[in-house]
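Listed next: structures, encoded as structure tokens.
The following pair of complexes shares a single chain, chain A, combined with chain B in the former and chain C in the latter.
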Partner chain A sequence: MSHAGADSTAFRLTGGELTEWLAGLLREGKRVIAPVEEAGLRLFRPVTSPEQICLAPGKTRLSPKDSLFPKNEKLFSYAVRGDEVTLETPPAEDREQVLFGTRPCDVAGLLRLDTVFLKGAPDEQYAARRSRTAIVSLACESAEPECFCTAVGGGPAAEEGSDVQVLAAGELWLVRPLTAKGEALTAALRGRTAPSQEEWAQARAGIERAEASLRQNPVAREWAAVLEANFDLPLWEAVGQRCVGCSICNFVCPSCSCFDVHDGGNAFCGERCRSWDSCTFATFTRHGSGHNPRPTQPSRYRQRVLHKFAYYPQSNAGEFMCVGCGRCVRHCPVGLSIYESVNQIVSAAREQS
Partner chain B sequence: MFQTAQAGSSTPPTLGHKDWEPRIVALICNWCTYAGADMAGTTRRAYPASVRAIRVPCTGRIDPLLIVKAFEQGADGVLISGCHPGDCHYVQGNLVARRRFTAFRALMEFLGLDAKRLHFAWVSASESMKWATLVQDVTTAVRQVGPLEDWGKLSDARRAALSLPPMPAAPREVPSAEAQEATARQLQSLAAKLLGDGQASVVIGYTAGPLPDQMVPAFITRPEDATKLGWNERCYNDLATFLPEAKRKWPKVAVALKRCDGRAAIGLLQEHQLERDKLVQIGVSCHGVWQNGQLAAKCYACDGEVGSASDFTVAADGVHEGAVAAATKRTVAADPRDARIAHLEALPAADRWAFWQGQFDRCIRCYACRAVCPLCYCGVCVADKNQPQWVPNTIDAKGNLTWNITRAFHLVGRCSSCDECARVCPVDINLELINHRMAREVETRFGYRSGEDPSASPPLATFRPDDPQEFIR
Partner chain C sequence: MTTFLPHLVRIAAAHDETQDVRTLRLEFTDPQVGRQFRWEAGQFGEFSVFGFGEAVFTLANAPTRPGYIEITTRAIGKLTGAIRKLSAGQVLGLRGPFGNHFPVEEWRGRDLVFVGGGIGTAALRSPLQYALDRRADYGEIVVLNGARSMADLVYKDEMKKEWEAVDRVRVVRTVDPGGETPEWDGEVGLLPNVFERLALPPDNRVVIVCGPPVMLHFMFMTLEKMGYTPDQVVTTMENKMKCGVGLCGRCNIGRVFVCRDGPVFTWAQVRALPKDF
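Then we have the complex of A and B:
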């Protein structure tokens, strides 16, 4: 990870000043999406006032990916009048949005989505939204038991992908613009005091605290090939045996990008939508004939593990698709841990060879 | 087939429009009401043109999903009408339907749909006058409540405004670690014995999971692995969920069951999903499950005794054959779900509707509720059927509402109240309240409690001639 050092372009803000800055962004007409407490759970929601935002330690229940890759999205609609067919695409996103208070693992997740949706032939709707999105990340001062970001190349203060990084230093907030977009976003802060050495030290202490509690051994890049080579290892059956086939893991995941395209309509009008889909569903691969190439739940769970740790890394310079936020581990109804599964398979493969 | 009004259709005129006419879908039986309506026409009786009649072969054919679809597609009201009890062309179709309608009506009322939108009647072939009056009355009722504009729609203002009363203090404490470990050891010795002497080819229990203090389902197939089994207040999973699949894999399945899970196993036996002689039910004496320091709602009123069908009872003091009651009774308290239901029922229907739509709006359709439900064992769930697309696969408020109503209704009279759906819901939808409310409806209306008698017929698959029908005109 990179270390938040004494940075002369950074600003030190009190809670009130941070609120004021965010209020300014809202006044400019930007959509600010931030963690909000709702009915006892924390979710990313567009806010109307900075007071709604919750920056307490910990993660939101769901990742912020919905803001760039909505769980349901219209691709186009059609209408038939006589011999004439009209197609209508939804208006392109034109509002600037700020993802505020995003944890570094979630930012890493959004970068994985960028790879999927922007590399090669870019997805128009994703690209339109992405180009109008600025990411303000919030470094972690503590880690939760399920977190394992440092094992997959991330860290509690990872900067990659953030336009602005915010660090907590006691009652103060240290705001670091990291990109041109970030500079523009923090334009209103120009002239504010830069943090003192003590304040940096305080922020660093929080990050180190988080790092110290992240003790999981790193997943080695070479394991991608080992996992794939052991596709037929009988242990997969035992590993995925208790998987019940919901899609919590994929839907809470910040980097899962699969979707289902479906048409709803009649002879006169209708629309084509895409919505989140999940490799853990039997319907994900069931053919029209009824044949299913991934016939059992363990074989579907294996797909999830291999996509994150073998297939994606092999076509993306070794980078894992999993960002180690641990949400899938925390929320799995039967306590499956993708980190544990990877380790189980790799050690079994080693024993065998 | 069911996608006619999804997109691009003209916007319905709203309340305040002088010329707004309610759109009412009438699902009517071919043998009586349809003929009655026909007679009303031929005898030139005047009644409002607001009703779109759909002829069905029998009210017994009316899956409540048809009613949901009508609302979803833009109906402002739905009218169901068939033959009077005793007059069914198929002898008892309307009597089975009557129970279904009782439950569905209660469900929709609890969710907060205005009762003026849903009507039931018996109209015979000769009652053309009754039909004309009925349509007039239904139209008036629907007109009073106006267009149904908030089906699967939620105003943000109402989202956060409604909350549930807090949970009361738990009636008991978490048992001592020693007592729990003693129970675990008894469970281990029984599992080793069952696997060793061939009484079981697998024992499904709990073992330590990857996170601190986590217990997860375990499938133990070798006697020497029995020591991996554990037992404590964090054994949340309803292991009966795994039984239909385990049955296909192993010839004899033993399973550790808490009281609530035992009810699910009985439900599965009742619905012929399991064979009794290939199942070993290990009832584990339970003091309740605790999550984040909070006793689960389902446990407050539960005495924790093992299910009556248990083959073995495992407790801290040993393994007993059959179902054996605990030496000391656990302290029980009022079921907090009842207080929460009462709170919701005291609200105006519109607020209840907003509350549930706010909850369903969060739904991400991960189908974890379905995946962990022991009674959701269908090979292909109706939500996965796409010819036609019964449950919209769009993950939005409308699709979510249809899914959640469908899920709830399919469990009426079957739900074993393990509340696992609510525990695993990643967005904290209070599904346990819906299930519990419906369990109470089935108990008060039909005198039936699920998961008690493996030889009983599920309540919505049967009827009594004198079932209550005060809501049917």
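Then we have the complex of A and C:
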């Protein structure tokens, strides 16, 4: 899982040097978005100084998804004067942004958003934001109780999607540019010392510690077909009945991509917006006629599980739409775990067949 | 940013079909856009009334009648309620066309039956007009237009003046039991039952059906009983959609996104979907 080896292009930085590098990025005019402590929560926020950044072990409350796919985003504004309507699109944002300190699971979440928003129909606003975003990931030295990234194809030092990877080695930081974008971002570090064997070993030890505490059995890729074939399994009803439909799982999820399109304003002026939405809300699918394709909470919970573990993987080379960050498990008010649900359904399906 | 930015269309005429259903004729405010706007029978658009939001309606006129767009909507919510109150000259937004379309070219040489329940008939109007405009390309055409009551029947005028006026076109009007009035001269019965009474043999025929989910359920049962195969029955699904291009997620059924992979599906395709619609 971990590829952190003796890497000739890596740099070893002290805390002060890391701060200096980030200050340099801010001076260049880049927007640096990183974990900060705010009202008792750790959240991704644009920072004005590297001192605001908190790189303590563990995850932020939400992933940095919001920086590419905002919770609420204006698509255009409208003005109606008599029988004439004028539409105005928001000015294009051109500031480069750096997502600093992103955990590997959250990077994986952004890659899922890329699949949704870049592979199919063009989503111009997402594409524009994505092209001026660089991702600096931070490998995990420890896992939290809800984490299950290794069960869904990820890992505490997974590199995919990172332009630069940062690893902790005691008081030091090992910085590895991984893409051309990453090379450009670390240009100021050229000439810095490469990490020693001991420093690499120290970083690896942290990652191994995290891996050792991730003990969940993997979700097999073949399970996608099993889940899909067992849409009618009666157990779905019992599993999903506990869901209260609060949708916290969707809102804390780094890969959930569904949205609503709505108007804010009145019949004379206002804005058309899109906002995060959730498949576990009854209104998500309810027709104007009142007919609801997913009329019960278990049917909506099943959709959430199947979209992430059956439908999406079957259409995207087996990759799950769950990255194992475990936030939904941690925050569910009734203690539902998507990982457990998948296991329960697959076991029941196997017993039946 | 173009995916979510609508074209502007102006109401050229509004025709009230029933107490709560109206058909709008819309013309592009920019004639250049209007000339370039191409669609196929069965595709849909995202229509907006600014301040009330956006919703999906089928493009109800055939591509053989270009230069304008028609939609038929029933006032049941915020947006459709707003549409009910608009008047000629006012401007709506239109994004599209989206989705796949009816295989009208593949139907050449075959007999066609259009079965529409209530507002569902709006989704059949474009392929029907297409077939009427290319009458020589198709065999016998039967239109079965049903509603709960006589007052709820859509396209009453054009059924008589336009559809029936075309050579070898049979229009059957029907209302649910209890929905008839003393002067009603059409059929009385639920659509699947009326369809069965017509006793149309399945050979060389395509059945195009659209209506509420419960009607579709019983139509498919009747069609199966009459010997129709799942491949010769075509429907269009009307899930809730917000984006129209396979992103927003709400029209998802199994691996299918109705907006992107549909809205037109054969009964064979519908049968293969999870029962999530």
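The criterion applied here is as follows: the second predicted complex is superposed on the first by the 345 of 353 C-alpha atoms of A that agree within 3 Å, B and C clash if a C-alpha of one lies under 4 Å from a C-alpha of the other, contacts with A are read in each partner's own complex, and residues count from 1 in each chain.
Just so it is clear, contacts are C-beta pairs under 8 Å (C-beta built on N, C-alpha and C of every residue); 3 or more make two chains touch, one makes a residue touch a chain.
Since this is a predicted model, take the numbers as computed values, not measurements.
In the three-chain model built by superposing on chain A, chain B and chain C fit together without any clash. Residue contacts after overlaying the shared chain place A:89 against chain C, while chain B stays out of touching range. In the superposition on chain A, A:260 makes contact with both chain B and chain C. When the two structures are aligned on the shared chain, A:116 is found in touch with chain C, with no touch to chain B. Angle at chain A between chain B and chain C, computed from CA centres in the superposed arrangement: 80 degrees, to the nearest 10.
After overlaying the two complexes on the shared chain, residue contacts for A:72 are found with chain B alone; chain C is out of touch.
By the document's definition of touching, of the two partners only chain C reaches A:231; chain B does not. Looking at the shared chain after the overlay, A:270 reaches both chain B and chain C.
Once the two complexes are overlaid on the shared chain, A:55 sits clear of chain B and of chain C alike.
Look at A:244: by the touch rule set out above, it reaches chain B but stays clear of chain C. The gap separating chain B from chain C in the superposed three-chain model is 5 Å, by closest C-alpha atoms. Residue overlap on chain A between its contacts with chain B in one complex and with chain C in the other: 260, 262, 265-266, 268, 270. Taken together, the chain C residues at the contact with chain A in this complex read 1-6, 8, 10, 29, 48-55, 74, 76-77, 80, 82, 89-91, 93, 212-213, 238-240, 242-243, 245-250, 252-255, 260, 274-277. Chain A makes touch with chain B in their complex at residues 38-41, 43, 61-62, 71-72, 77, 79, 145-146, 241-242, 244-248, 250-252, 260, 262, 264-266, 268-271, 273, 275-276, 278, 281-283, 329-331, 333-337, 339-340. Against chain A, in their complex, chain B makes its touches with residues 3-4, 6-9, 159-160, 163, 209-212, 214-219, 237, 241-242, 358-359, 362, 364-368, 370-372, 384, 386, 389, 392-396, 399, 420, 423-424, 426-428. Chain A contributes residues 75-76, 78, 80, 83-85, 87, 89-90, 116-117, 120-125, 228, 231-232, 257-263, 265-268, 270, 272, 274, 277, 279, 284-289, 291, 293-294, 299, 303, 306-307, 311, 314-315 to its touches with chain C in the complex.
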